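Only one structure is covered here, and it is reproduced in the block below.
Labels run A, B, C, D, E and F following the written order; every chain starts at residue 1.
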Amino acid sequence: MSNPSRGVERDVIQRPSAGKAPFYLPQKDEVEIFRAAWSRRLPVMLKGPTGCGKTRFLEHMAHTLRQPLVTVACHEDLTSSDLVGRFLLQGDETVWQDGPLTRSVKEGAICYLDEIVEARTDTTVVIHPLTDHRRQLPLDKKSQYIDAHPDFMLVISYNPGYQTALKDLKPSTKQRFVGINFDYPDEELERKIVAGESGCQKPDVVEKLVAAGRRARALKDHGLEEATSTRALCYAADLMNAGLSAVSAARAAMVYPLTDDPALVEALEEIIEAHFGQAA
Amino acid sequence: MSNPSRGVERDVIQRPSAGKAPFYLPQKDEVEIFRAAWSRRLPVMLKGPTGCGKTRFLEHMAHTLRQPLVTVACHEDLTSSDLVGRFLLQGDETVWQDGPLTRSVKEGAICYLDEIVEARTDTTVVIHPLTDHRRQLPLDKKSQYIDAHPDFMLVISYNPGYQTALKDLKPSTKQRFVGINFDYPDEELERKIVAGESGCQKPDVVEKLVAAGRRARALKDHGLEEATSTRALCYAADLMNAGLSAVSAARAAMVYPLTDDPALVEALEEIIEAHFGQAA
Amino acid sequence: MSNPSRGVERDVIQRPSAGKAPFYLPQKDEVEIFRAAWSRRLPVMLKGPTGCGKTRFLEHMAHTLRQPLVTVACHEDLTSSDLVGRFLLQGDETVWQDGPLTRSVKEGAICYLDEIVEARTDTTVVIHPLTDHRRQLPLDKKSQYIDAHPDFMLVISYNPGYQTALKDLKPSTKQRFVGINFDYPDEELERKIVAGESGCQKPDVVEKLVAAGRRARALKDHGLEEATSTRALCYAADLMNAGLSAVSAARAAMVYPLTDDPALVEALEEIIEAHFGQAA
Amino acid sequence: MSNPSRGVERDVIQRPSAGKAPFYLPQKDEVEIFRAAWSRRLPVMLKGPTGCGKTRFLEHMAHTLRQPLVTVACHEDLTSSDLVGRFLLQGDETVWQDGPLTRSVKEGAICYLDEIVEARTDTTVVIHPLTDHRRQLPLDKKSQYIDAHPDFMLVISYNPGYQTALKDLKPSTKQRFVGINFDYPDEELERKIVAGESGCQKPDVVEKLVAAGRRARALKDHGLEEATSTRALCYAADLMNAGLSAVSAARAAMVYPLTDDPALVEALEEIIEAHFGQAA
Amino acid sequence: MSNPSRGVERDVIQRPSAGKAPFYLPQKDEVEIFRAAWSRRLPVMLKGPTGCGKTRFLEHMAHTLRQPLVTVACHEDLTSSDLVGRFLLQGDETVWQDGPLTRSVKEGAICYLDEIVEARTDTTVVIHPLTDHRRQLPLDKKSQYIDAHPDFMLVISYNPGYQTALKDLKPSTKQRFVGINFDYPDEELERKIVAGESGCQKPDVVEKLVAAGRRARALKDHGLEEATSTRALCYAADLMNAGLSAVSAARAAMVYPLTDDPALVEALEEIIEAHFGQAA
Amino acid sequence: MSNPSRGVERDVIQRPSAGKAPFYLPQKDEVEIFRAAWSRRLPVMLKGPTGCGKTRFLEHMAHTLRQPLVTVACHEDLTSSDLVGRFLLQGDETVWQDGPLTRSVKEGAICYLDEIVEARTDTTVVIHPLTDHRRQLPLDKKSQYIDAHPDFMLVISYNPGYQTALKDLKPSTKQRFVGINFDYPDEELERKIVAGESGCQKPDVVEKLVAAGRRARALKDHGLEEATSTRALCYAADLMNAGLSAVSAARAAMVYPLTDDPALVEALEEIIEAHFGQAA
């Protein structure tokens, strides 16, 4: 199984190839809203919990629209310079290097700021003039503006469950976006997703996994920090495909990563045993 | 719809062209106050909530007065060096680069510090000598003052709803400005603005949107962090223009970006359904 | 009214010209105390609220004594290096650049540290050896002291209303200064100041403005953060001079910059209407 | 015993030699789960208390699978640059240097982020795209992605006892991993480990040590911050091998490093005396 | 009175000239203790309130012993590098520059760390090996120790009134010093000091000043943050010498710098009027 | 007494000369435990209060074992780079400079991290792989490990009295060490130490000092932050040797450095007077 080739470096901006779009099954009217916002180049906010498919949806839309997609995962130390660019020393010269947002604005990509709430506040301010009629990116360090490429579009994600009084988008930022709501898929749709993602061929296993996942989500009101994601169900199916016993696989994917609380661990294990029997 | 051209870089200081001024409809005596303050070059503070037209007003005034407008969106990490300038390495030389405030002071532009409360406190101090009889900008790092160009004017914005005990302008700063108050426009004026901004040709749709927006604003006293802005109404009209159903458009622009609270979401959706009927 | 000339750069240390001293009307014995402190080169602390004329007083004294005046507006990020100086890279050399305090100490200027409480604590420590019998400025980074020029004098300002337990001068610093107290001028004096500053030729308007200002100051005990300054009254007279209606001018200068509290706004507007009638 | 040779520098990535795998005795199904996750290259989280063998297990697995193992001990000041890489000055050039995570992603190693919770939050964000279907490492500073080498695998460790509200992995991060639970080994297994690790030839000493260790662990519910680790038992055996008396060795390894509380010290010493008699 | 000469730069280490020692009148056995500590080169801690003569005492002792005295005023941003030294760029070379502590250790001076509690904690650690039998200064950045010059001596000051739980010397630091206690001088001694310092020739004025100062100190128990220092009394005498009225001088030196509390201001003014009559 | 020679710079790693080991009198079995740990190269933690001889013990052991000893006094700003090393600019090259820990690991010294709890947390993490079977030091910045020299040994000190919930070694760090407990010596031993350290020839003075010190330690339960150290007793004897009166010497060494609390000062002075009579 060993492969001597090295990991491949790719430029951050790439127009999708003509091939098949990434696997995605729509939940509600999210495709229509996104298309309308795109036609007017309005900025979009994807709202919803972890692992429900926001990233996958955006990859699907970018592929369908044949637009390059630039993703920036935001974090506490991400500054506006990380997005916009900075001066670098090269030999005796100070050379400006565009950041991923600037490149998207100049070259006309969809720029996706994932969990922007996590970033430092200067990042939210730098996108303001991009989100109203001005469509401008200020490069303060260069005393310049950039008028956005006609195909530039800004998308952010936002997980309502995480926000606290200390860390939230300001209303003056939120109102600059068109909002699209995501939630866990309904039962039938989730079966299709788990089967499609994991390549699992056994409908009864998929059915049991999705049923167990839905029952586990009900524990959210009993102290579980975040409900079982669709991704966790796919992991379980994946581990079974690799030959692991159903109970071991379900525990490894759906119990231990979710909680350290002994009572919740027990409750989750009971749900698994109820669907897959006891461990051998 | 794809356009191969790149985003355009523009210098931060540009005198407005002779063409038509940006679309703006006055609310009260804001134009007269601004003109009087301009004739004496007194510093001006624009007060009012998000999305009520402060930026648009200032663009309109700058165009009318034929003065260049330099906008700086302030944020937690903005220091006085970002405004005033800094030494950069170029080859073997340390070269001074003027910041946007210094360029405005030297070249005679209107400098707009948007939401200055967000900036670090050294920025508020650096503008003090510019706001009294001295009209001087201290360049501490160069051991210099700059006597302001006769056409330099300072404008700041200020959203009273955001200020907290921890983050507010000091009274000794506030009293250095002439204040102009903004609020949401009255009903008839708001219809004109929504129609003008979005280009929506259907008066009944505009009327319904404005009526729904005004009812939604009443929820501010019931926990909504900030009321529906005029901009949100324009977004909704825009999405409808792009072919999205009225209910989907109104939800995407006027509900999800405003709140995550289930009760408030429901209340906002009821207002929308009351004006546009249920979703298809 | 447009003027093509650029803002003018001036060195920070300039001996006042022989012309007329800046307009200043003494309140009490402040001129005598300052002259006595100057004759002994004792350090001076100017105490008093915003906009009551501390800066103007010092400009007047410096002009009368024919001494250069170097003003440093202190802020949270001001370090002792900003005052004292630092090493800069120039080509291949590291070159020391004196800060404004060092230049004042060497060249014999009055150095005014405005609101020194705001600065970082290392700045208050660096001035200690300058304020006792040593009259020395330590340049730690150069392993040197500077014995002060015989004409060097240190002046600081201090607004008692702002200090908190967290941010105050240490007693060991305060006791190193001779204190001069400032307050708002009495009624007759304030009329002279407003007329003199704004150039307003109508004694009845000035009388009304000062009367309204004095009534507004009484609201300080009812929640107003800081009382109406003499400067605000001058702004109002200035706006009227520029042709704005009396009520609009008074509101813009004396109401909106002072408070966001609806009750206080109403109270201030009533005072204005009581003196200038209702708005047209 | 003195040895003149110097410490040896080794590159961080080394494929294990063909020799015997490091000593490891399995507790439960951890080997099977790891093998299944490896076959699908799913990211793995090792959960469990201090000194129970997580690091040893991973060294064993890496040796068995003949994969290079790159370990990064995370801490409060570890940033994503420490993992991913940074630009360094070399002569007149700015040269990019890959961090240990980037090298693992490119060259196909198992990268082990030990106690990742301790690191700064930007590190958890940088691994997100490596843990889903994308298997990409973003190099923001180079405007690049790296598609992971097929043999790259990510492993993190996590000690549930340490996490607090302030410092915990976000659920959206945890759910991206397959979880493997570790605990202290059962009695018989622990005897084998202590004997194997320390090379102690006296079964009765090992038996007493393990028995004393298990009784000491019961004090965890009486205020002991963390229970006696298997490693501490090995230290005690080691000190006895070096000729120290049993009681001195047990105290030095199993009492003083665990607690400063006089009551707990006494309780632990009683346990030791109960097994090894009083000190000579 | 104007003097065209510039401030004079002096190296930080200078052996006192043979002339008269600075004016100092001993309070108790402080001279004997210091001499004993000096003969054994034990480190010394000067304890006492602001302005009671600690600095003057040390200048006197250094002059008497004919030792150079290097004073470092400590503050919140003072790091061990500021004391010990750092690498500086000079052309293409990185050159080490000794800090004031290192120079004292090498050249054999008395190094006085004034208010060391204010400094960052790394500074207190760096002096530990200098204060025990090792008498070594570690230069971590150079991988070196310096064995102290036989004439090196370390002195720190410490104001017991300022220390809080958050900011205090650790007992393990304090116990490394020999302590000398200072307090305000007794009445007769203080008269001599005020007369000697200010050069005031009128014994009755000095007597009244000292009497007023002693009564003012009693207010310390009524909320005055720190009692009137001897230095403040000297300032008052100085201002009177310069021709200011006694009441104005006493207020400027002994009231306004001490407190902003109206009740305390009134109480202090009453004390002054009781000794010098009402202001003219 | 003046000596013109300069302080002497010495490299941080030096093998002890063949001469007499530093003066040290053992308390309990600390020498045996240390020898056993050394023979197995197990890491050692020295626990105990200030000034009880931990540093002296380690110097003694290093001399006895003829191993170089490298001491690093830890503090709040000490980072892992200070221990491990960093890249420095030298001319046009970036050159790596080993830190004291790396040099110890490479050259085979005993590395003593004094009060490691004070250091930043990245330092505790960097020593983890040095304290288990790996005996490796990771040089993250160089993408390398160093396998420790066979004679490398790690020793840390730890003062149980200082640790707080906020600042303590993690259990997972503590359990990696063999612990050796220190306390104040018993009476007879302490007399020998005071006589030996200070060279004091008068047994009755030493007896009184030790007796007074032991009574003073009893005040620890009455609010004294830390008990009188053996070092303080040596200081007192030293000052007496220098000719200071017994009471003055005892106060300067055993009262003022310990406490600012008037009641505790009085209690300590009473103890001294009870042993040495009243001051002359």
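Following the convention adopted for this analysis, contacts are C-beta pairs under 8 Å (C-beta built on N, C-alpha and C of every residue); 3 or more make two chains touch, one makes a residue touch a chain.
These are the chains along with the protein names UniProt gives them: A, B, C, D, E, F = AAA family ATPase.
Predicted model only: the values in this text are computed from it and were never measured.
Visitor: Count the smallest number of chain-to-chain hops linking chain C with chain D, moving only between touching chains.
Guide: The least step count works out to 3.
Visitor: So which chains count as neighbours of both chain D and chain E?
Guide: Touching chain D as well as chain E, we find F.
Visitor: So what angle, to the nearest 5 degrees, turns chain C so that its CA atoms land on those of chain E?
Guide: 60
Visitor: Copies chain A, chain D: same or different interface, half of numbers shared as the threshold?
Guide: Counting which numbers both chains contribute, under half are shared, so the two copies meet through different residues.
Visitor: So what's the Cα centroid distance for chain B and chain E, whole Å?
Guide: 53
Visitor: So what's the Cα centroid distance for chain E and chain F, whole Å?
Guide: 30
Visitor: Residues touching two or more other chains, restricted to chain C: which are they?
Guide: 89, 92
Visitor: For a quick check of the interface rule, what order do the chains take around the ring, beginning at chain D and passing next to chain F?
Guide: D, F, E, C, B, A
Visitor: In the complex of these two chains, what residues of chain F are touching chain D?
Guide: 29, 32-33, 35-37, 39-40, 42, 45, 47, 66, 79-80, 87, 89, 92-94, 105-108, 120-122, 124-126, 128-129, 132-133, 137-140, 143-152, 160, 163, 170-172, 174-181
Visitor: Flag every residue of chain C that touches chain B in the complex, lowest number first.
Guide: 1-3, 5-12, 50-51, 55-56, 71-78, 82, 88-92, 97-100, 103, 114-115, 118, 159, 162, 197, 225-226, 228-229, 231-232, 235, 238-239, 241-244, 248-249, 251-253, 255-258, 260
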